[in-house]
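As written, the chains take the letters A, B, C and D, and residue 1 is the first residue of each chain.
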Amino acid sequence: MTNVSVMTFNILSVLPILVLAGFGMIVLFVDILFSKRLGDKNILAYLSLAGIIIAAIVSRGTTPIALYSFNETFVIDNYSLFFNFIFLLSTGLVILISHQYMKRENINYGEYYALILFSTIGMMLMASGADLLNIYIGLEVMSISIYVLTGLKRSKLTSNEASLKYFLLGAFATGFLLYGVSIIYGATGSFNLKEIADFLINKGDVTGPFVYLGVGLIIIGLGFKVASVPFHAWVPDVYEGAPTAVTAFMSVGPKAAAFAAFIRILMTAFGSTHYEWQKIVYVLAILTMTVGNVVAVAQTNIKRMLAYSSIAHAGYLLVALVAANTLGVSGMLFYLLTYVFMNIGVFAIVIILSQRNDGFMQINDYAGLGYKHPLLAIAMTLFLLSMAGIPPTAGFIGKFYIFSAAIKSGYIGLAVIGMINSVISVYYYLRVTVVMYMQEPVREFYPLTISPFIVAAVVISVIGTLHLGIFPSKIMELVQQSILTMR
Amino acid sequence: MITVTHYIVLSAILFTLGVVGVLIRRNAIVVFMCIELMLNAVNLSFVAFAHYLHSMNGQLFVFFTMTVAAAEAAVGLAIIVAVFRNKETVNIDDINIMKW
Amino acid sequence: MEAYLFYIMAAVAVVSAVYLIFEKNPVYSILYLVMILISIAVLYLLLGAQFIAAVQIIVYAGAIMVLFLFVVMLLNLSAKEELKDALSFQKIPAIVMGIVLLSAIGIILRSKIPLGKQGEYTSAYVHDVGNTQLIGKLLFTKYLLPFEITSILLFIAAIGAIILAKRK
Amino acid sequence: MVEHSMLNLVALILLFPILGTAVNGLVGKRLKKETVSYIACGSVGLSFFTATLVFSGLLLLPPHERLFEKQLFSWIESGSFKAAAGLQVDPLSILLTLIITGIGLLIHIYSIGYMHEDKGYHRYFCYLNLFTFSMLLLVLGNNFLLMFIGWEAVGLCSYLLIGFWFEKKSASDAAKKAFIVNRVGDFGFALGIMLIFLTFHTIDYTEVFHAASQGNFPVGSFTITMITLLLFVGATGKSAQIPLYTWLPDAMEGPTPVSALIHAATMVTAGVYMIARCNVLYMLSPLTMTVVASIGAATALFAASIGLVQNDIKRVLAYSTVSQLGYMFLACGVGAFTAGVFHLVTHAFFKALLFLGSGSVIHALSGEMDVRKMGGLRHHIPVTYKTFLIGTVAIAGIPPFAGFFSKDEILLESLTYGNLIYWSVAAVASLFTAFYMFRLLFLTFHGKSRVEHHVMEHLHESPKNMTIPLIVLAGLSSIGGFLGIPGAHVMSTFLSPVFSASGHTKVSGAEISVHHGEGNPYLMMVVSTAIALTGIFIAYQMYIKKPELPKKLAERFRFIYRVLLNKYYVDEIYTALFVNPTRKIAVFFWKCVDIQIIDGSVNGIARSIGWFSSNLRYLQTGYVRNYAFYIVVGCIFIIVLAALGK
């Protein structure tokens, strides 16, 4: 271990976390102290954005070596920096798209911004945790914030219901995760991913099924968070019931965080036993892609359709995890970044077009959009095409990397199933564009109030989707660097 | 002589009972209590492992799980209260507007 | 002595757990859960984890369970639970599932459990230094970061509970 | 280096159409119709002009150096994998570029008149320019991924243009069908590219083909066979071959100029281009070549036979396109890439002409497309008639028109390199082609008018901007064939740098016949002319001769006349022996195989996914406990897997 520097209590390594925590508190205090004078509370959004930008500044750049701190329980390497970037980007975009929405739905609480920032702390901890305890705490910080955010529209029954479902099932799945952690602890004597890996390499053969049981249970817990079939059932209901801005938030950042932990745990700690967990993830990947895509075909509510599509995307990402090679992991990171842009872009447009109390959420409500608001329709089409994996969008490059990685590792069948699935997915993404361009409007588009915030989010997403699709090499280089120091 | 296996078997039994409870109970609060039972089963196995491994980490982990459980309890019960305010029930079979 | 205590407490815990999941009245369910918590606390003592045992009694059984009880009372649920059972058909499969799950875990545990690397905190050493001291020391050294993060976690829980349960 | 400065202009070819798209797409709504059309036609015109400059630049180079790559930016770099986005100019790509921009320009001009009344005028030209851009990208890209991007983008444009009149449900359905059927093919294509990526560690044409021709891969190697087969799956989708052709006849719901440009001249030939481009790989896999040739031959015959009985003027042409594409694949499949590309070129001329001609007819008849309601139009719309006649003669294969030489070469090559079966299939298909095309011509322009009265009143010849493209294309269809006249080899010499790497590709009739005694090109010409004439003759008999007979004459000299009239019943015997069975088979192919089996299975798969979807969604019951149950089921599954481990 030459390229490792051990620091204890390096406060700098957790600086982004501290910044976010600080700004979360500031937002809360400003909200309480000046609530009478704030008016429409724009200042809270500005403050949160400022926090995110400062956090991004302090966690920017790359590091030549992996920096371990807090007794090797926390690590700053290019991998975690890359994920920090994804989290901050997605949180920033979500704040941009949610500001107007929160005002419209009358739930513009200061707590909303604080909770989103705190949740991001949890994600960062998950990506940087070099120790199962840190990852677990990060997971809980993230999840508990989202349970609350989901139920934020407390007078609305769907929001309550979504929150309750998510909470009960989330706690249930976390039980399995913890059980897995305890078994791993028993089998190896440590929570530290590196120590676990060392132990398994040296004495792994004596542990056998006991370790696999632990890994399997951890896969359940994280599989729940990434919405893998059969642990996915919460996704459609929660996505539908949660306030749309929160749906956008939880479809991106937490998913990326769960994948970050997933990759780090499976690749670092259990890299030597990958033949065992690959079997499990293989089956999960096929199920997830297929169920997600097939069921999405029959959906009529756009949020539900996006929920199933997000399940399907989790399936593609699991394909990369099965491949378990450098190309796969880098493809996965790349895909997660593209997913941020395209998914938040779609949700931004859904928010623009919906009305108070989540009216106009049916796909048919988009009829004729192509003529009434051509720019919105073009942006929406772009995001949907990207999700369907059609060039020259980012989604295509991401899928290309992922399926190439699967083929490279010899999982040709998996790649074929994945591509059949992406053919199916074209059907339901296309349906939205067909409705937008090839049907007569069934409703008046109210004079849409489009705030500059949300326009900025859409523009950033469009640029991101196109840029990653046309010039992916720079980012890919960065991604490749970021996984070098991981193992 | 009580070995670690005894504790792990006990923990597995309690965990499974918790799982069964989640599957068959309808009162959201009781479902939540069954989840707490699962967590306790896990905690037991942590402490047992810690003891037989001569390690303190397991006990520390339990300390953190308990903290998390406290936080979850606060939020979870608040959610249940919010649901009850709107729907006058905590029967989770009545709480399914969203489906399909 | 240790073995007897283990079996007694294990029996108490399992029986209470069975009662917990079949008891109709939620208040009783809470009491059964408290029984389980206490018996597990005793097992913690057997395992030499005095601090955790104390926390289990004081925080878990004392504070968290009281919160549960409080909510049950607040919502006045003691009498009117179990109105509609839309999934009565799931009861049998659920129990079967439970048995399958248990036996599957059992199959894996059938052989002697392979324990991982032994640490340096032997019972004698822990006894010398003191369990609580050791935990305290670890909390503020090795586990400082998660310890600090839990403060954020509890903060989240507090504002979350307020914002969710607040009336308009 | 004047030639290099000319070649460096290549990026401009792509730039103009995309600028046109951008302008018309963003502000087209507010512009006058003339301005929109000037922008659209101007951009394609400039692009065509640049293409000619680049072409002459290429001609200035000595033949073996005619390969120019212009790197734009580095695109994908991941470890050992590398790809740079760049453009490649070589004889093959510049030839197609000229066709795309040239014919594209004519069709843009034609569209000004054709779409004049349409309210989506600017949208139409925006799409059309975007299509031109995408097609150029497909052809000019220097690696597989760029080709794939162009490939998908032309699919997208085709989808937008087929569904252009989306108010018609059939149009938007056809659009959706085209897109989804194409995606099925594309997925094979994408898989093939990935396999190339992993096998060769690059997706750059030059590097891949160089590596493949170094003998690292034995002939018939499994990897290469897989790659080529997967690529071919993509080709069957885009180029409408069995079994993925069903979208093309439906695609006729789009505006007619679109059918001419996209669904006849350019996009559908992308598959042929791709195979020609990858000739090095294909030559390494005899199995794939057999598959390509067989599917091509089968499609040629199958589609031609369906064409025999169609009554919609555009559908006849659509099936004819499918059939002609089959010819091109047959040619590629037997290794005669030059012949395939040559036929691609001539087909682009005459099929664009025919489609535009049919568009002119439809325009004249206020939208009527059923040939049973036409007839006798030749005096009313003379220019259209004459040009249509030239197109028909060209496709039927009468010397010296364009189709004759290219089709003749394919027939020859299929006999020389393939076998008698290929040849006879192709010959029968050629007979059918001549028959149905002249049937179409006779029904439309000859005989008594069956046009409805109110339509008759508005009957008029099309405006200048529609007839001029027709005349230009008619000229090209007449003389285009001399590019490949046996003995001169203009085409094969020009293309030889592209195909020389792949073994036996001195593909030209005369030279081959020296080595192989089987095919004498001149004898072959006579045979194929005879075949075409036979087809025309039968059509003439059936659609001109008989309906015109005055009934009275027949009654007076009943017996003698009938015998004479019926030429001693030779025709009847002929009809009974050949025409009727053929007709029955054709109807069978159309009604049963085409509509029910192939179309049905495509739709059936979509339906069954829908069925699964609407049933699987009920697993989402909304009950938390059910969801928890799923988690436990998954958990048990995982634990069982873990228990089985080791």
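To be clear about the criterion, a residue touches a chain if its C-beta (ideal position, glycine included) is under 8 Å from a C-beta of that chain, and two chains touch if they have at least 3 such contacts.
No experiment lies behind these values; they were computed from the predicted model shown.
Of all chains, the one whose Cα centroid sits at the greatest distance from that of chain D is C. Centre-to-centre separation between chain A and chain B, using Cα means, comes to 26 Å.
Separation between the centroids of chain B and chain C, computed from CA atoms only, is 6 Å.
Between chain C and chain D the centroid-to-centroid distance comes to 70 Å (mean Cα coordinates, whole Å).
Taking the mean of the C-alpha atoms as each chain's centre, chain B and chain D sit 64 Å apart.
The set of chain A residues touching two or more other chains comprises 133, 137, 140, 144, 147-148, 151, 154-155, 163-165, 168, 172, 185-186, 189-190, 208-209, 213, 236-237.
Residue numbers of chain C whose C-beta contacts span two or more other chains: 86-87, 90, 94, 97, 101, 105, 108-109, 113, 115-119, 143, 146, 150, 153, 156-157, 160, 164.
Each of the following residues of chain B touches two or more other chains: 4, 8, 18-19, 22-24, 26, 31-32, 49, 53, 55, 57, 60, 64, 68, 71-72, 75, 79-80, 82, 85, 92-93, 95-99. Taken as a contact graph, with one node per protein chain and an edge wherever two chains touch, the assembly is complete, since every chain touches every other chain.
Interface of chain D with chain B (complex): residues 617-618, 620-625, 628-629, 632. Remark: chain A residues 9, 14, 17, 21, 28, 70-71, 73-74, 109, 111, 114-115, 118, 121, 125, 133-134, 137-138, 140-141, 144-145, 147-148, 151-152, 154-155, 163, 185-190, 195, 199, 206-210, 213 touch chain C in the complex. Chain C makes touch with chain D in their complex at residues 86-87, 90, 93-94, 97, 100-101, 104-105, 107-108. Listing the residues of chain A that touch chain D in their complex gives 164-165, 168-169, 172-173, 176, 208-209, 212-213, 215-217, 219-220, 223-224, 229-231, 233-234, 236-237, 276, 279-280, 283, 291, 294-299, 326-327, 330, 385, 390-392, 396-397, 400-401, 403-404, 407-408, 415-416, 419-420, 422-424, 426-427, 430, 434, 437-440, 470-473, 476-477, 480. Listing the residues of chain B that touch chain D in their complex gives 19, 22-24, 26, 31, 92-93, 95-100.
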